[in-house]
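Naming follows writing order (A, B, C and D), and every chain is counted from residue 1.
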Amino acid sequence: MKQIPVAILGATGYTGAELIRLIEAHPHFEIAHLGAHSQAGKFAGEVLPGCGGDVAGMELKAADARLADNIELVFTALPHGAAAGSVYSALAAGKKVVDLSADFRHKTHETYRAAYGVEHPHPELFNEAVYGLCEFNREAAKSARLIANPGCYPTSTLLPLVPLLEKGLLDSSSIIVDSKSGTSGAGRSAKTDLLYCEINESVKAYGLPRHRHAWEMEEWASGFSGAEISVRFVPHILPMTRGMLTTLHLSGKDTGSWHAALMQRYEDEPFVKVLPEGVLPSTAGVSGSNRCDIGICQLSDSEAVIVSCIDNLLKGAAGQAMQNANLMFSIEETEGLAIHALWP
Amino acid sequence: MKQIPVAILGATGYTGAELIRLIEAHPHFEIAHLGAHSQAGKFAGEVLPGCGGDVAGMELKAADARLADNIELVFTALPHGAAAGSVYSALAAGKKVVDLSADFRHKTHETYRAAYGVEHPHPELFNEAVYGLCEFNREAAKSARLIANPGCYPTSTLLPLVPLLEKGLLDSSSIIVDSKSGTSGAGRSAKTDLLYCEINESVKAYGLPRHRHAWEMEEWASGFSGAEISVRFVPHILPMTRGMLTTLHLSGKDTGSWHAALMQRYEDEPFVKVLPEGVLPSTAGVSGSNRCDIGICQLSDSEAVIVSCIDNLLKGAAGQAMQNANLMFSIEETEGLAIHALWP
Amino acid sequence: MKQIPVAILGATGYTGAELIRLIEAHPHFEIAHLGAHSQAGKFAGEVLPGCGGDVAGMELKAADARLADNIELVFTALPHGAAAGSVYSALAAGKKVVDLSADFRHKTHETYRAAYGVEHPHPELFNEAVYGLCEFNREAAKSARLIANPGCYPTSTLLPLVPLLEKGLLDSSSIIVDSKSGTSGAGRSAKTDLLYCEINESVKAYGLPRHRHAWEMEEWASGFSGAEISVRFVPHILPMTRGMLTTLHLSGKDTGSWHAALMQRYEDEPFVKVLPEGVLPSTAGVSGSNRCDIGICQLSDSEAVIVSCIDNLLKGAAGQAMQNANLMFSIEETEGLAIHALWP
Amino acid sequence: MKQIPVAILGATGYTGAELIRLIEAHPHFEIAHLGAHSQAGKFAGEVLPGCGGDVAGMELKAADARLADNIELVFTALPHGAAAGSVYSALAAGKKVVDLSADFRHKTHETYRAAYGVEHPHPELFNEAVYGLCEFNREAAKSARLIANPGCYPTSTLLPLVPLLEKGLLDSSSIIVDSKSGTSGAGRSAKTDLLYCEINESVKAYGLPRHRHAWEMEEWASGFSGAEISVRFVPHILPMTRGMLTTLHLSGKDTGSWHAALMQRYEDEPFVKVLPEGVLPSTAGVSGSNRCDIGICQLSDSEAVIVSCIDNLLKGAAGQAMQNANLMFSIEETEGLAIHALWP
């Protein structure tokens, strides 16, 4: 199979670095362009200490540098708001796009405005964008021009939740989502509150009263299940680089059947692992892999706790983006993605 | 004021080490006896790297060594089950006791059995033991012979919860307690799952379906408020040494009044700091101090999130024990206890 | 190319886990046997949280279980002393062996005794064993039946040192090796001093006056260069899981030529990256990869500092083992090994 | 004894925060002024999460706000270059000063220029400034108007080195200083390379070929011992908040006598603890305390390794500053300073 040239826009953030790593090890994609807003002119290896091999010597291009004609796929790892314009241009130039920002994750301009507080420059693309939660939108992804890659919190929440919603087992009025994220999810900006000494040996909640991902969770929990869903969502930031654990405090009916329902839904999914009943996952168990591990513990006939774990930079970002890219180009869906974690 | 000789039983665990530090810096207590189950015969400084000064050269005594007559106060920092006998002996020898184990935290033998799965050797002492949550049991502590020092999870949960329960503002059927603890809470036993490489860069839930502290929370939430309280409690272990953050997902009425209710309840308490409405605490902000910081965020008229932070080894263990000891000996309650955290 | 069935003995330690991950992702090897001393009868996924896919359901075999006839390669990730017998048996059964223990790293029984303080059960194999520092013993590795996989500290020391020794640029009487290692190098045994709370937020030196790896460093620095080399070696343990940084405080001549000498020596080596002069590596830059990054800084005409970084579980253990296995089976040397780090 | 009002300039950095904590718990000093360059107008508690009690509500003042007349002591915790002017003004207003910057640590303008690359605005104060390494300059500190508080690296190096230099036991031409520092030493500026995800799980050397503290080490090693000393100094930054470990690779004579020499020199010093021969310290053992722990291991008659540990924010900064302040005001030298570490 021929090599497919790809571009990464926003190559020097944590998600961009992860995309480089994945593409470098992928048998069918190759890096043809690295865009980086403020680092243009430097070599990738100067800004990204993990780079080895040829990519270390690639020059970073300015954000608005024109993409070569032969580039077929663009990953946009840019801040929300900034991504939309680049996505528009890339599509206009005939490329496929996997957008890792939030710009095309919503169904309506109203929801986008509510969640992000700004006008969207290209709402006309909302209809075309495919929400790339692969396990629930695989067929649409295969023929998509534009994938909206899901957020990390929604991914870790929707994977355990949707199968139970589909079966009508959940009380959709009392879904409590308590998430714990590694710090890499906050990005690579030089902010005091992301300094090592501020994060280390500490945990805090943030984003209250309503984090932007709450809209995305509700929209797609509703969208995939057909029910009207609301969630109470509290995210926390933890002293670790990677990893996201979401604890779902749930009520409903027939909780004794939930484990089997999840097992059945995911038995053929390479990247979702439902643990034996009562066994709980850890984020270290998925770090470096594209897996989502799910554990469930019944509390009573009507109450249960579900815990899910992902690597926020992989299944929560670059890994799922690569999974979508594989789908878009008719490549084996697991190609270039690790099932086994880098543990310890 | 004269120096009061004290003994620590279980001196070489993490809580014991913290008691040594506090007593060494306290103007009215002095260490007269260090008991250590398996390390007897060694010097304190050999087993506890933080030791400086004279205490480093003190010899550790066998667990059943007789306490000198002049010792007036005994801190028992022993595993549950093991503590009860030592407490009984110390009381019989005329000493006062602050027990940091779970052995005297429950009102009835039935609850103890349910929570710990064993028979209690001295249930006759249950009535005498004072549950040492100082902010709610101060007067009883002053005249107590035996203090049952509260657990870390119950302390971080009861402090924000009880004032709202007292006022009838909470829906007591939907209290969800999602706690995150530093690893020191799991003790100093050589277990594979507490190794550095297993805990580092990872988070997991544990203790399901029902952690032992759930009984303690419910018993005292009910006891202090007069209502019948049940909680859904999920603890997590985090890659940090100290610190505990408890996120309370709550429903009730008049949530707009909750912040004022907490402010009012704690305005004269030196060790409870209610943050401005919407400001959320971090565990680093209380690390090394005896404070509990509480933040509250209203979600709607009937829903709110409360977050509390303590240092699990201080307000959650040795610090509260010292606070109780001060009360028992008519010493200024804040003596020897830090208000300011060791930050960063 | 056909799949080559391999066995891992000592599959549930950190090095064993890393071997599993590498083999699972390797196109030409497949896991046929997982030996685990004390965990026999359990499934791999119960003991190794990172396991996904089919290997999670493989049963762990007792240490002395017979290896199937079709197994062609055995990785022994066992403690020194314990490995030798398993190596002997595997060779006797006609398999090739990559031994990750220290049992076959020395040229003479005398040196082994001095370093490890025990008699060796099979010194007759010393002559046959090939010291698998691939960059210096590549041809021998290709035809080896038994590879002695180098230690982590020697690997990080020899790679920067040997090229300069070969050229006679170093004062071989004043080589100071100050190494800093992540905690995974200490293994997965349940020891108090490896607990999270003992390692976290702390650094210490250990292994003085003479760590066992000092003999290995001296023996092979001498062996590869032909000079008589002695080192002063001080290792430290750091609060991080992976990574090893070695700081070499060196004297010699023509230090201005050292950078070029290293660049030239390693220009064609895929797993050694010599940074621009004055640029210093970090362990995060090689974590998850099989690279060794080397930085050099001239202090004067006769003094320089060289810093090398490896992932102690990869180029320092399982990665180099896989590199050797590729050589032994005429597979592309880089197959199944990452050049790019998992960063951050 | 009356309360002595003090000012802290640079109150919101990590050293400033530590000064606040120490003064708040000190029986004879009280905070009267908190200066903070860019945070003026905010309350201390808004910027410093560790603040409790009254100081949390103190307003931060602009950098050039006039100090009240009653203030007797000023701690300047400002960047080098910026501190000199504030020191000058405070002295002119009749206050005593403990300067935690590097501005008055050098004996000559030439050395300052060489180390810091800038002109000094007030070299006329060099003669008056007392280098506050208390264990070697105690008497001078008692009568000083201006203390130059030593740097963290020099403190951890000079304490073990000077006694041996004084006795002529060291080969002063081959002193190698390999230091490892927690990240708080790099300050609280919002820089990308100090972000949590860049520091965590990584170690690197920095500051080569010659870190600024090398001049300070050499100047005072020479100054206190009378010999001409040069050092080869390589600092490293580690993934921990606090703590500094310095490994000294030393040559000389009579190494068998070195342990006794250090024991004797420090037997009456409350803040220096020489461990039994062959026992090596860890930074966790001094974290939160003002101690320096020193371990020594003889390698041969002419070679030894010495390891020293301090908390870089205490004995390496704010703690030693407080020790000096106690000396300046004839207060017990240990007042307000912990001997015991906050461990774990």
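We take it that a contact is a pair of C-beta atoms (placed from the backbone, for glycine too) under 8 Å apart; a residue touches a chain by one contact, two chains touch by 3 or more.
All values reported here derive from a predicted model rather than from experimental measurement.
The most distant chain from chain B is C, comparing centres defined as mean Cα coordinates.
Interface comparison, A-D against A-B: more C-beta pairs in contact at A-B.
Inter-chain centre distance (chain A to chain C, centres taken as mean C-alpha positions): 35 Å. Between the CA-based centres of chain A and chain D the separation comes to 45 Å, rounded to the whole angstrom. With each centre defined as the average position of its C-alpha atoms, the distance from chain A to chain B rounds to 39 Å.
Residue positions of chain B touching 2 or more other chains, listed in rising order: 14, 184, 197-198, 200-201, 239-242, 281-282, 284-285, 287, 344.
Contact residues of chain C toward chain B in the complex are 14, 183-184, 188-192, 194-201, 239-241.
Of all residues in chain B, those touching chain A in their complex are 174, 176, 178, 180, 182, 197-198, 200-206, 208-210, 232, 234, 236, 238-243, 245, 247, 249, 278, 280-285, 287, 295, 297-299, 303, 305, 307, 344. Residues of chain C touching chain A in their complex: 14, 17, 20-21, 24-25, 48-53, 55-56, 184, 201, 241-242, 270, 273, 281-282, 284-289, 291, 338-344.
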